[in-house]
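Below are two complexes that have subunit A in common, paired first with subunit B and then with subunit C.
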Partner chain A sequence: MNLSRWGSGILDRGVGPLFLVPALLLLVVLLVGPFLYMVGVSFTDLSFALPGHDGNFVGFENYRRLMREDPVFWQSFGTTLVFVSSVVSVEFGLGFALALLLFHHVQRRRFVLTLLLIPMMLAPVAVGLMWKLMLHGEFGMLTHYLRELGLLGPQTALLGNHDLVLPTVMLVDVWEWTPFVTLVFLAGLLSLPREPFEAAVMDGARPWQVFRDITVPLLRPIIALVLLLRGIDAFKEFDKVFILTGGGPGTATELISIYAWRVNFRNWDLGYGAVCAFMVYLVVLILCAVSYKAIYWTEGRAVK
Partner chain B sequence: MTEHAKSRFGKVLRLGAAVGSVSLTLAYAAEAGAWSLEEAAAPYKGTTIRTIGESLPPLEAMDKLKHKFEERTGITVVIEQYEHSEAVNKVMLDLNSKRGRYDFILQPHRELGRFVANGHLAPIERFMNDPKLRDPAFKPEEVLYQGLWKEISWYEGKAYGYPFTALTMYLWYRKDLLEDPKEQAGFEAKYGYDMQVPATWGQYRDLAEWFTRPDEGFYGTAIQGKRHEALWYEWLNFLYSFGGDMMEAKSGSECGPIIVNSPEAVESLDYYKGLVAYSPSDTLNYFWDDVMVAMQQGKAFEMIMWNDATYAVEDPSQSTVSGKMGFDLIPQGKGGKVGQVEGWTYLIPAYAKNKEAAYLFIQWMMAFDQQLEQHMNGGASSRPDVYADPDVKKITYSKASMDTNAVAIAKPTIPESPELTEILVLELSNVLAGKKTSQEGLDDAAVAMNKLLGDCAPLKFPVK
Partner chain C sequence: MRKPWRMVALATLVVVLVIALTPYLWLLMTSFKTRLDALADAPVWLFTPTLEHYPMVFLDKGYLPLVGNSLIVAGVTTALSLAIGVPAAYVFARHDFAGKEDLFFFFLTTRMAPPISVVVPMFLFFGYVGLIDTRTSVILAHSTFNLSLVVWMMRGFFADIPREIDEAAQMDGHTRTGMFLRVLLPLAAPGMAATAVLCFILSWNEFLYALILVAFESRTLTVGIPGLVTPHGTLWGQVAAVAVVATLPIIVFTFLVQRHLVRGLTFGAVKG
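The block that comes next holds the complex of A and B.
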């Protein structure tokens, strides 16, 4: 018997999927298992702090509490939505514009790209600490220059002011993640076929028309990808905000992840904490589904 | 007698005295029985005990001392040092997993209730009453500040450890500026009385206002306004001093009527919030580290600060104001002389594998010599005799520290107390940020506390 035919014979008989087992096992152990455990815990009163709360089944009590009795949760949910929609749209616009600029007008792209990528390569904690120093009300470099320029009063500090703190934190996120958006878009632009562009120019299309009718439609999957990745990431944002403000002043920057951390690791109210974490998961799931739809919808149209 | 003969005579006298005291000590040792650390530790020779605590001067001092114990006993001591919250979280996980990684732990006493209620701790009586372990020379009933010991290491009438540090807060101020004749003249002209160490909150505010000069980057004070437990700790000083409290309870392990929204409490918070105007611009993002830096860098005149941080502000290698500082009890209000205390305490987990060896080490650390050395290197001892030592008396902040120890007020240590802290931190932060008035914030806190604690903590003051 021919060896290769023997091999493909086994594959035909369905041994192939067996090779997926190790990877699937890893997924089950590391993702599916803990997730199911979390869902399980969300129906209990498990708390490391309160005696007698040893994980007794309480049904939907935690969910009821979340929906009805926890204004702080919903407030941080709202703050998170504002944070995500703002940073993702700014990063998207800015990143796309930068990518176009690099694509059309910059010759030594590699050098500029390397520079641009620095913020993205830093650990989020390092980014947080760095900006905390730069924005410090007394010793911060940025604060100093803003005051010199008359943009900031002597008694105001960006991280200590209830109205300015959220935009400031957003700005740091934009600084960190816009290069990522640029990178992805630039890769997308470079991979586009040249023919449609050449044909459009031959037909006398203006640059704006080319952009609107050819570049954007061809980039749709990339756009969906960027929105999805940044959306999920921004929704889970924790490190920077934690270091910069700890969620304060008041609840001005309390994102949902920080609230979930408080419930779980400050109060050790793990049953209720599981519900909060589950909500984060639910929103991310919805984001994923919507983006998936967006990608398929685009491809469907492209086929037409 | 010539000078020479005099000094020789003196030497002989001193020698005689020394011989006398040595023989006395020997006699005392013989009388105290055969107990010796070496013998008591013999069964545990070769074991390793592990502990965890907050990475600050007191623990660093213990780390430097431990080799003496190791040499005498053959027991190895491993000390894990972490940042405050990290040290608390790691212990929480270890205790709940019942793995017994740590043979003894160092924890802030606000955590005590939930440890005890969940059965995580071994009461210390068992070791105290064991003649094989107990050093007859160490009598905690006599040598410790009894109030502090009971507050920091006891729960529901039972001892679970000894205080590792007795952390109180007191007044820090710039003595050099207070004694500056030019400042004194200007101050008197404006306020109509002599500039002095603030004895009342009115004087405290006047000084804060007087010294606030944003153009020079100098502020009257700096408050710990970040949404962090530091905020709660700091405000407690004001709350107690204005005559308020969180609950009406006799000890930390009891709950009682909630009075956190009393008129006194509201007044204290209004006053506290008023200090933001005399603080650096981002005071609402400051916690203990930041205000300490502000003081070390010579950017503030006065503040209410922790005794275990005082070491760092008087250390010329890291502070520009060492030698220029003064320390005292916090100003007085209706509540009289008070102080806020948070101790870190030695505790032995129920799951620890080498409890006896751990007890021997703790007991050794509580002895005078070790306490003195630890205190001199930034510790905060709970032994009055340490404060009486001439070297300790020379430390500029000793008196303030000792005075505050004597008037420290108990705070809740019930299992829910960390959650009470979270509730208050949130509402205090909301008030400072201008989202709520003091009355609204404290009313909301009272309602949340009542919801958490239930019937044992009814509201005493009506909520609007």
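The block that comes next holds the complex of A and C.
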């Protein structure tokens, strides 16, 4: 039924939808095809490191191993959840506050905002490097001043200490992505209708009441959007942490992407690696479906 | 606004800007410092600049071709994504057909897909067809995420053009394809330019796909950087020089597309 409707649609609208074909072709060949291939590989013992493991069918063995025998995977999953929830909430708070500050108190916003955006536009690899340089245990600029202030022991390096390294990496992420939250919230604030605010001021509402009862409810779709987009991105984090710590010391900062990278491209355990990569994909797909709803929610409401 | 509050706000803003910009400034300075200044016990803020690191790393160490690779990869990816993404975006903006929104969701998922999950199968696939360690493999890989960015951004730009323009163009005797090429495309050109710049930036900055897919001659700049960092005796002046070359163009571009960044980064959900 649907197909025939589609077919007649093409006929009476001319060739329009044919414009979609090249785009779909590219995605099917480069994403869908290889993805299905990977799902196939996940049922084999394919490995480039072990002799004789040349892709024999092993059923659900890799999945069983992931669920039952791989504490490191679940540990990195946990690290990732801690990382995501911490950075997203801090970035959200700081970014929102900064957006309000710019919105209410700064006139030449555009220029200031562009300067603020620099951290998030730089290549994440370069961000990692910059901070590695600043946090270096011997001559790092920040290390030096932290030691002068007595906040850091003379032998301690932020990136080398098992307890300090994860919070440090999180701070770098906050530095990099808070501007994104600010940017989106500022756009949201600028798009809000003026009438409710004028009416509230006429009624003698205090600034805090206006914020709580008008600004936040009107921004709710934007809030959902920011949380989900940042959540998905933080869950995928790889580049910066890979450069800063490589997942170490030990596995202290081994996020799930880094673990999946290690299984595939250090251990060359591709059958099992396919399962790990698949799991990362599943989580993101779920978050993605939720955010799609949120985006449509946004379109139907305040922002247009 | 009362005056003391204004001062507090400005002071906060200055502190925020200092925090946001100092790390980059430090990188910039390190790229012009002698080895002695870079490794000094106390941070050196004033120094006699040296230009030795740039020719050293780009000419003597052969990093110049990596700049070329990055330019080619980002340039071709951008062109390819626009060439096939813009027509698709037009269809999404102007045509209705069954399952349109589901198809659109499919484009979103390709943009959101975690690189590590995409690159594992791609590595196997490109290995199978013999494209590993070629620029082509990176170009194709980057096109997957840039294509959906183009579709998302351009759908919004086309939707911003009033439908009356379509009707007027058809009254003037344009065919649908002619209308798309001669009327709508020129009107969407500013949006297309912003989209192109954003595509270029995303490809230029990308690391993981390139890290896995190329190893030697076809390395891009981002993949080349970690190779300079060693556990001991890293030449930070050279590392910084490469990082500066890898980031300075992007900062210029950021100023160019700032107005369209919000739309691009929120998948069209928020218009800047």
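Criterion: the second predicted complex is superposed on the first by the 272 of 304 C-alpha atoms of A that agree within 3 Å, B and C clash if a C-alpha of one lies under 4 Å from a C-alpha of the other, contacts with A are read in each partner's own complex, and residues count from 1 in each chain.
Keep in mind that, in the parts below, contacts are C-beta pairs under 8 Å (C-beta built on N, C-alpha and C of every residue); 3 or more make two chains touch, one makes a residue touch a chain.
Computed from a predicted model, the values in this text were never measured in an experiment.
Of the two partner chains, subunit C is the only one that A:Gly33 touches; subunit B does not reach it. A count of residues in subunit A touched by subunit B and by subunit C gives the higher number to C.
By the touch criterion defined above, A:Ala157 lies against subunit B but remains apart from subunit C after alignment on the C-alpha atoms of chain A.
In the superposed pair of complexes, A:Phe265 makes contact with subunit B and with subunit C alike.
Touch criterion met: A:Ala23 reaches subunit C, while subunit B stays clear of it. By the touch criterion defined above, A:Gly250 lies against subunit B but remains apart from subunit C after alignment on the C-alpha atoms of chain A.
By the touch criterion defined above, A:Val216 reaches neither subunit B nor subunit C. When the two structures are aligned on the shared chain, A:Leu50 is found in touch with subunit B, with no touch to subunit C. Comparing the two complexes, residues 138-139, 265 of subunit A contact subunit B in one case and subunit C in the other. Residues 48-51, 72, 135-139, 143, 154-162, 245-252, 262, 265-269 of subunit A touch subunit B in their complex. Residue ranges on subunit C touching subunit A, taken from their complex, read 1, 5-6, 9-10, 12-13, 16-17, 19-21, 23-24, 26-27, 30, 38-43, 84-85, 87-88, 90-91, 94-99, 103, 105-110, 112-118, 120-125, 140-141, 143-144, 147-148, 151, 175-177, 201, 204-205, 207-208, 212, 222, 225-226, 229, 236, 239-240, 243, 246-247, 250-251, 253-255, 258, 261-262, 265-267, 269-272. Touching subunit C in their complex are the following residues of subunit A: 2, 5-6, 9-10, 13-17, 19-20, 22-24, 26-27, 30-31, 33-35, 37-38, 41, 98, 101-102, 104-106, 110, 112-119, 121-126, 129-134, 138-139, 141, 144-145, 175, 179-180, 183-184, 187-188, 191, 222, 225, 229, 232, 235-236, 238-239, 242-243, 257, 260-261, 264-265, 270, 273-274, 277-278, 280-281, 284-285, 287-288, 291-292, 295, 298-299, 303-304.
Considering their complex, residues 89, 92, 96, 114, 117-118, 214-215, 217, 225-228, 280-286, 294, 297, 299, 415-416, 418-419, 422, 426, 429-430, 432-435 of subunit B touch subunit A.
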